[in-house]
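Next up, some structures in structure tokens.
Both complexes shown next keep subunit A, but they swap its partner, so subunit B is in the first and subunit C is in the second.
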Partner chain A sequence: MTVYWPLALLTFKEGIRNRALYGISLIAFLFLGANVLISGSAMREIGKVAVDMALSTISFTGLLLVLFIGINLMAKDLDKRTIYMVLSRPISRPQYIVGKFFGMALLIVVTIAVLSVFGMLSIIIEKWAYPDYFPRFFWGPIFLAVLFAALSLILLSAVSFFFASFSSSSFLTLILTIMAYIIGQSLSDVKALVEAPQTAGITVSPVTHIIVQAAYYLFPNLSLFDLKIQAAHGLAVSPSYVGWTALYGLAYTCLMLFFAALIFRKKEFP
Partner chain B sequence: MNVITYTGVSKKFKSWPRGKSIQALDDFSLSIEQGEVFGFLGPNGAGKSTAIKILINLIYPDKGSATLLGEDVKNRRIRRSIGYLPENPFFYDHLSAEELLWFGGKTSGLKSQDIRTRSAELLRRVDLTNVSKRPLRTYSKGMVQRAGLALALIHDPEVVILDEPMSGLDPIGRKMVGDIITELKQRGKTVFFSSHILTDIERFCDRAGFLISGRLRVVDRISSLLAGGSTLEDIFLSEVKKAGGGSEL
Partner chain C sequence: MRTGTAAFLFCVLIAVHLLTLEEAEQARKTLPTGDGGTYVIPGPIAKILALEFDGLASDWYFLRALVFEGGTYERKEKPRVKSWEWKWFYDMLDSATALDPYFQDPYLLGNSHLTWEAHMIRETNSLLEKGNQHRDWDWLLPFYIGFNNFYFLHDNERAAEYLAEASKRPGPSEQLASLASRLAYKEKKTENAIIFLEVIAKKTEDEKLKKEFETRLKALKIRLLLERAVVSYKQKYHALPPKLRSLVTKGIITEIPADPYGGYFSLDTLGEIMSTSDDKLLPQQKRQ
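Entry: the complex of A and B
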């Protein structure tokens, strides 16, 4: 912990004081404010819309945080050579990756926690104004959905660290991370379609089948972490699903960090 | 006892994909003893920073090896005993000098109380006490350089490695750095610094080495170098000329 905690705290402070975070937070608060105004016009679905919109805002804000602050936190170290200052201390390259990642994970958790408070507040206001439209409302699935949103963002951040470990520019890391996010979100649907193309009345070549299968196991399946629908409809999520998905997220995150550290060990800073 | 040693270190940089290769260091060997202040001289692009970055393990040599206090530079723990100021240092924008020193102290294994004491002392020494809580992005170039020097010294290292420590400093700042180097020498610390400013090398160093095109040309005591009546500038220019890089001189 001698090196991890100072490095994580340094990263967290640098991220939390970034002005871009204020901009992102402002967007989030506007969305959550809009939630109060818009959900009321959703007729009988007020409860579902209010929960869905609050959770979507939290996830979207977290995504902006990972893409526009998280990636820059590491890229700036390389671009501006701040890394000289870090690596001249008794810190190895793998420790740098892990410490930096802990800082980013802390930033995600704190930001999501703050946003969640306001998100919950927007739901409470709606529930107070339209109590009849929240027939199947439970806080449990909502908290679980927020927790899983944070987990998926931490996983995405680990993926961005992996890309940053070998990419030559922050822009390339950004593009690769966005690509991984889009693939990760739609992978399950595409795999289901490829496995049963007759349901959509299409034919799929064997090559496409192999590519989709490979992508399914290569890219993170982020859609697993999306529990917005369950939260909006007050549906219970099985403990085994929660356990396995959390384990999958943790394992994938560790694997990404392991590969990032492996690549980074060879990296030089002329 | 040799504190810093380079043994047959070579390093070539290849620009990707089909660019020219640059031989930054060529069979570079050097030993620096404990308590010595060693000046590293050479024209721009001679390989001084490359040699220093190999010591910090920021760059890996293609051939040869480097040690610090008898340990291979790849051993991260050895960096607890060294302080490093890079050329044109750049730190985190939103941190203050106080936070920067906290980071340096913590990662070097200092206790919080020791960090506070040492931090206050160093910030006073580099004249940053009044601005110690201000974000580093609001600092001038000279102030950043002084904050970097304080960071290099926070853990009271045995070996201090300074890459162009005077760059960006006004005469007061240069005197401050000079005084710190002298004080380090008096306390028996080893100082290895590169500079373009020959008078600084002459004033503070026991020995100096001239690095030209990646090869170490001359290494001697300052008193011996100046014994024949030549100035460091004469020696520097003549060595550059001998190496074939001084046709314009």
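Entry: the complex of A and C
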């Protein structure tokens, strides 16, 4: 841990200093402010809309953080050649990858925690203004949804590290990560649609069926971590679901870091 | 640049900005809207496109439908909403509930307008059924399906099934369980409709709809009064009253109350109470 911690802390500080974080925070606060205005327009389920808005803002902001700060954190080391300085110390390339990743994970956790405070505040304001319109409202599922949103972002960040390990430019890493995010979020729905195409009145070729099945096992299933609807309606989530999904997230994250470290070990720097 | 020139330029640019915005906004209103051409992305596809923001997308679909419906009250034309617009309204709510099937508001909004106004009873019931399956703690949804079956589709058996289901869930009034068994008696139709509508009026928060339900309730209560007067007449004279006015002349009732819908009450050959405004009270029944 002594090898990873200084690097993780350095990465975290670098992330905090990034000016893009101010822009991202501004978007988040605007959305959370809008929550107070928009959710009041619902009929009965004002609580549901308020929770939807708050959790979606947290997830969306986290996504911007991973895409626009996380990816640059690694690319900057390569572009500015500071990586030589780091690697000249007694630290291996895989340790560099893992240390950087820990720093990014810390940045995600801290940012999500700060955003959650404001998100909860927007919900509390709505709850105070419309106390009768919060049926089936529980804080437990909301905290769980936030926790799972953070897990999903940490996983996505690991995927971006994997892409960054072989990609020659940060833009390519960004494109690949966005692609993995979109596929990961829609995989379950696409699979359901391909398995029952009549629900949307479409036909699906056998080739598409095979491609979707292959993608299902290849790409991270990010939709598993989405518990916003359950939180918005105060629906129970079984402990086995929580356990298996968290384990899946951990396993996929480790797998991505393993491949990233493996590729990065052989990478030739310009 | 001198201060005077800068101030002049600033004023001109602001004026041009305001003028062009106003003109473009006005011109946009004249653009053809394409009757029947408004497409709503079907639920399963919308679910894929919404990524992890299903709940938010569902809110958006619902709020669009709500804003559209509210905006139609300003219209002068009749009918207020065209049939393709009702179809679009239904599709929006269908997609909203495909994205988040636990969201109660789209079901209630659909039920309020697609039944009484659009006469899309079966579509409304299929929408409510989706909610009924997911919101298994909510008595309102099976209650509304039951009401629609009873009032619009005249399927008392099915209505009783849904009411029984609603009465088992937490929260409904005690009347509901007895209403389910009362539905077996067809002669109690008006009384049952009153019980149903009293529950609905109590649960409705929209002021316009609440007023409509109260008028309907008033009309149904007058009808019930007249029906009971006909029964009393029959018991007393062993025959049907020749006309409705006979109920007053024979002293069964003091006067024939005014129809809140502005119609005139009369009696058909089987002794059933009718009104020239029946299409407002029982729209679907009149159509069949």
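In this text, the second predicted complex is superposed on the first by the 265 of 270 C-alpha atoms of A that agree within 3 Å, B and C clash if a C-alpha of one lies under 4 Å from a C-alpha of the other, contacts with A are read in each partner's own complex, and residues count from 1 in each chain.
In this section, a residue touches a chain if its C-beta (ideal position, glycine included) is under 8 Å from a C-beta of that chain, and two chains touch if they have at least 3 such contacts.
Because the structure is predicted, anything quoted here is derived from the model rather than measured.
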item: Per-residue contact with subunit A, leading partner among subunit C and subunit B; value: C
item: Which of subunit B and subunit C A:210 touches, first, second, both or neither; value: neither
item: First, second, both or neither for A:7, with subunit B first and subunit C second; value: first
item: First, second, both or neither for A:254, with subunit B first and subunit C second; value: neither
item: Partner chain(s) touched by A:218 [first = subunit B, second = subunit C, both, neither]; value: neither
item: Contacts of A:233 with subunit B and subunit C, given as first, second, both or neither; value: second
item: Touched partner set for A:92, first subunit B, second subunit C, both or neither; value: first
item: Subunit B - residues contacting subunit A, complex; value: 13, 50, 53, 56-60, 76-80, 82, 84, 86, 89-95, 99, 102-104, 106-109, 135, 148, 151
item: Residue ranges of subunit C in contact with subunit A within the complex; value: 42-45, 47-49, 51-56, 58-59, 62-63, 66, 100, 102-105, 108-109, 137, 205-206
item: Subunit C partner contacts - residues on subunit A that touch it in the complex; value: 38, 41-45, 48-49, 51-53, 55-56, 59-60, 136, 152, 181-182, 185-186, 189-190, 192-193, 199-201, 222-223, 226, 228-229, 232-233, 235
item: Residues of subunit A touching subunit B in the complex; value: 2-3, 5-7, 9-10, 13-14, 17-18, 80-82, 84-85, 87-92, 95, 268-270
